[in-house]
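Chain IDs A, B and C follow the sequence of writing; residue 1 opens each chain.
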Amino acid sequence: MTSLLEILTSEYGVHLAILVSLYLILSQSLNLTFGLGQLFNLAHVASYAVGAYATALLATDYGASFGVCVLASVTLSALFAVLLGLIALRLSTDYFAIGTLAFSSVISALLINWKSVTHGVLGVPGIPRPELFGIDFYQNSNFVALIGIVALVTQVIFYGIYRSPFGRSLRALAEFERAAASLGKNTRRTRNLAFCVSSAFAGLAGSFFSYYLNYIDPSSFALGEMVFILTIVIVGRPGSFWGVIASTIFLVLLPEPLRFLDISSAYLGPMRQLLHAVILFAVVWYKRDSLFPQRRTV
Amino acid sequence: MLSILPQLLVNSLITGSIYALASAGLALTYGLLRILNFAHGHIMMVGAYTFLFFYVQLEFGFLAAVLSSGVSMIALGAITLAIFIVPFMRASPLLPFITTIAFGTMLESIISMCFGVNVRSFPSSVGSESAEWFGVYITPLQNFIIASALIVLGCLGFIIHQTSLGRKLRAIAENRAAAESLGISANVLIYGICILATLLGAYAGVLVGYETNIQPTMGSSYSIKAFAAMVLGGLGNIWGTIAGAYILGLIENLSIGLDFWGYSLPAGYKDAFAFIVILAVLLLRPHGLFGRQSRVA
Amino acid sequence: MLDIADIFVSFRETKVLNGISCSIGSGETVGVIGPNGSGKTTFFNCISGFAPCESGTIKLRGERIDHLAPYQRAQRGLGRVFQNFGIFREMTLLENIQLALESRAGTTVGFLPWSKRTRAIKEEALTFLNQVGLERKAHDKAGSLSGGQMRLLEIIRTLAIGADLFLLDEPTAGVSPRMKEDIARSIKNLQALGKTVLIIEHDITFIQKFCDRIVVLEEGRVVLDDSPERVRNDERLQEIYFGRDEQPARS
């Protein structure tokens, strides 16, 4: 037991706690659109990237303060969702998935090529840790408290959303759009709002990601990352609040023991990817009849 | 500016041919099964690596390498369908999309582990020295790419529209139950088409390897490109998709080759530009340029 | 011709067919009626193989077919006409019939458009279209037809696969009253050819004209199986359609 405690309080343990908190925000926000709303949103990682880059660029090139950066990340990601919703929410299922995928690809192409703003593949280095109320968050032990609180508040907010009338109408829409519409639900507005909220929280996660790593580059926001978040939500059962929390903790920590094996780093990345893909497939295989409620149409 | 236009058009034709070969199989699968196979680009990548393995690493003869890659790809096509698509089709059309994302990721990581993540290419034996025709430079390999795409797609068109087999395929695509009640065995044809799609994809992958280079991460970008061509043409509409593939090639080459009001886009932007065009198409025509409803042809 | 013994079908948790048994003689025309949700269409799906039955046996000319795939049953002469139109709208009328004839001829690959056999089949397809007066539309898309014409095309197409047992699921649904006459005529034509016909129909007055027997389904069971007149006057039919405790709504 002492060894476990040692790990938890060590620098490594703190690092893991920060990662878990970050992914809790990211996956729970995807759960709103993908899980509750059954919207096959593959642009979540793009919202995450918008948030991360907003903070990274404002904090380095303009020296903006913590509050300004976080606010800018959240707002920009929400605006991004408005733009995305404008196009994607008009589309039917298959086109929707491809449309959000294309959106995501536009963002990653911009991150790589718009060098004058995003610094291209070299990424943005030297993002300073924030200072707040006289506390210096340069220490990871302080930073973990900050992100832990933010993650906790986020979970509480989402718990509220899932049980609110808004959450219920989103769920109803997913199952039977026409029936929900005939109950007087404004289908467009409900989905747009879900998109914005989900994207705003992804932006928040992106902001903290930038602050934590001090350095970001486009490779952190590639499709593989999207697949990972998607895996978390699917393993936790789409739409389930506690399920997604549990699977976030499980999946973020799962590949960690691989680090202690004697594997060259060239194999480590693909191996983690393979592990996640196998888990994703296995879960979908076992739950294939119950994963998505039957969609009904008139 | 206009002097480079012919060259750009030829380049578009080359890119478009590869995209057309890559997306034709995807469109056929979508037309028959109404599912999006995200692993299609990855299968293309695996096809290229399989050929690399037999031809370059094991030093098989050309024909032997083609045959053994072909057999491996037939097996891969059957596995894709039997394990990653068919068991999930009944529950929800979204599930095969998710499982093929997982499958594509598996393929990508396995190939990365076996061959490394770095760029590989085939030895350029023939067809690298370009000939000039009326100010347009084109290599014999590029001529071959364009011609073979036209021949393959022409045969495909002939089969779909003129033969008994094609009638059966169109029947299954439109109404599977009604086709089966006419005594048509849908399963056999579906396996046949998925294997054909895999072979077409692998062929496109090998062409990419000869024309430029290959790497394990190319899979998802080709999947997205092929989806883009499908969206341009309307999902499941194979001729629309093929037209979409050539249009995509045209957009990519024109966007970086031409200068707009004295300002030209850097080469890296061609992907972004192509996707922006697709989003614009979706905004104006949510069912694609030629799309009315899904169908195979 | 068709012997059905004790078949059970359930969808998810609900039992749709609860042990149906009946047997249909060769050349007989049998109507299947029952309220909505009584399992009529599932009954047809079970016979044609689209809804696998959990237990029970289905025999066609003495041969068990309940383990066969839909296309194998079709090849054994079981023809299905769908309620929501089973024609291929994106194909021409001619191609619709060609498909059926080619399926009967057992051809798969290597059927080139200029071969003699293909041309012979095309000719034959035209004669089929001729029978229902649709030959002038042979090269139009089937989707351009009216509901009644689509149904006629589907019946004639089922004839073209060489079926001798016809399952007609509400042949008059979505058909204009004027075209009902044409449908009735083509059903009588099937009878004249000695085919065995099963018809699901809501309109009992429409089918009693040509049915030898009427089977009434309720909650997945056969409650009545008798001649049209006897069924029509049976109290139980009134009960099923109009409730048990009320007076019959029409006499």
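Here is the rule we go by: a contact is a pair of C-beta atoms (placed from the backbone, for glycine too) under 8 Å apart; a residue touches a chain by one contact, two chains touch by 3 or more.
It should be emphasised that the depicted structure is a prediction, and the values quoted were computed from it without experimental measurement.
Common partners of chain B and chain C, by the touch rule above, are absent.
Taking each chain's centre as the mean of its CA atoms, A is the chain most distant from chain C. Think of the whole protein's Cα atoms as having one middle point; the chain whose own Cα middle lies nearest to it is B. Note on chain placement: the centre of chain B and the centre of chain C lie 42 Å apart, centres being C-alpha means.
Chain centres here are Cα means. That of chain A falls 53 Å from that of chain C.
Mean C-alpha position of chain A lies 30 Å from that of chain B. Looking at the complex, you find that chain B touches chain C at residues 162-165, 167-168, 170-171, 174-175, 177-187, 295, 297.
Note for the complex: chain A touches chain B at residues 40, 86-87, 90-95, 97-99, 101-103, 105-106, 109-110, 112-113, 223-224, 227, 230-231, 234, 266-267, 269-271, 273-274, 276-278, 280-281, 284-285, 288-289, 291-292, 294-295.
The residues of chain C lying in touch with chain B in their complex are 48-50, 69-72, 74-75, 79-80, 82, 86-91, 95, 98-100, 102-104, 107-109, 111-113, 118, 157-158, 161.
Listed in rising order, the residues of chain B touching chain A in the complex are 34, 36, 84, 87-88, 91-95, 97-99, 101-103, 105-106, 108-110, 112-113, 116-117, 220-221, 224, 227-228, 230-231, 235, 266, 268-269, 271-272, 275-276, 278-279, 282-283, 286-287.
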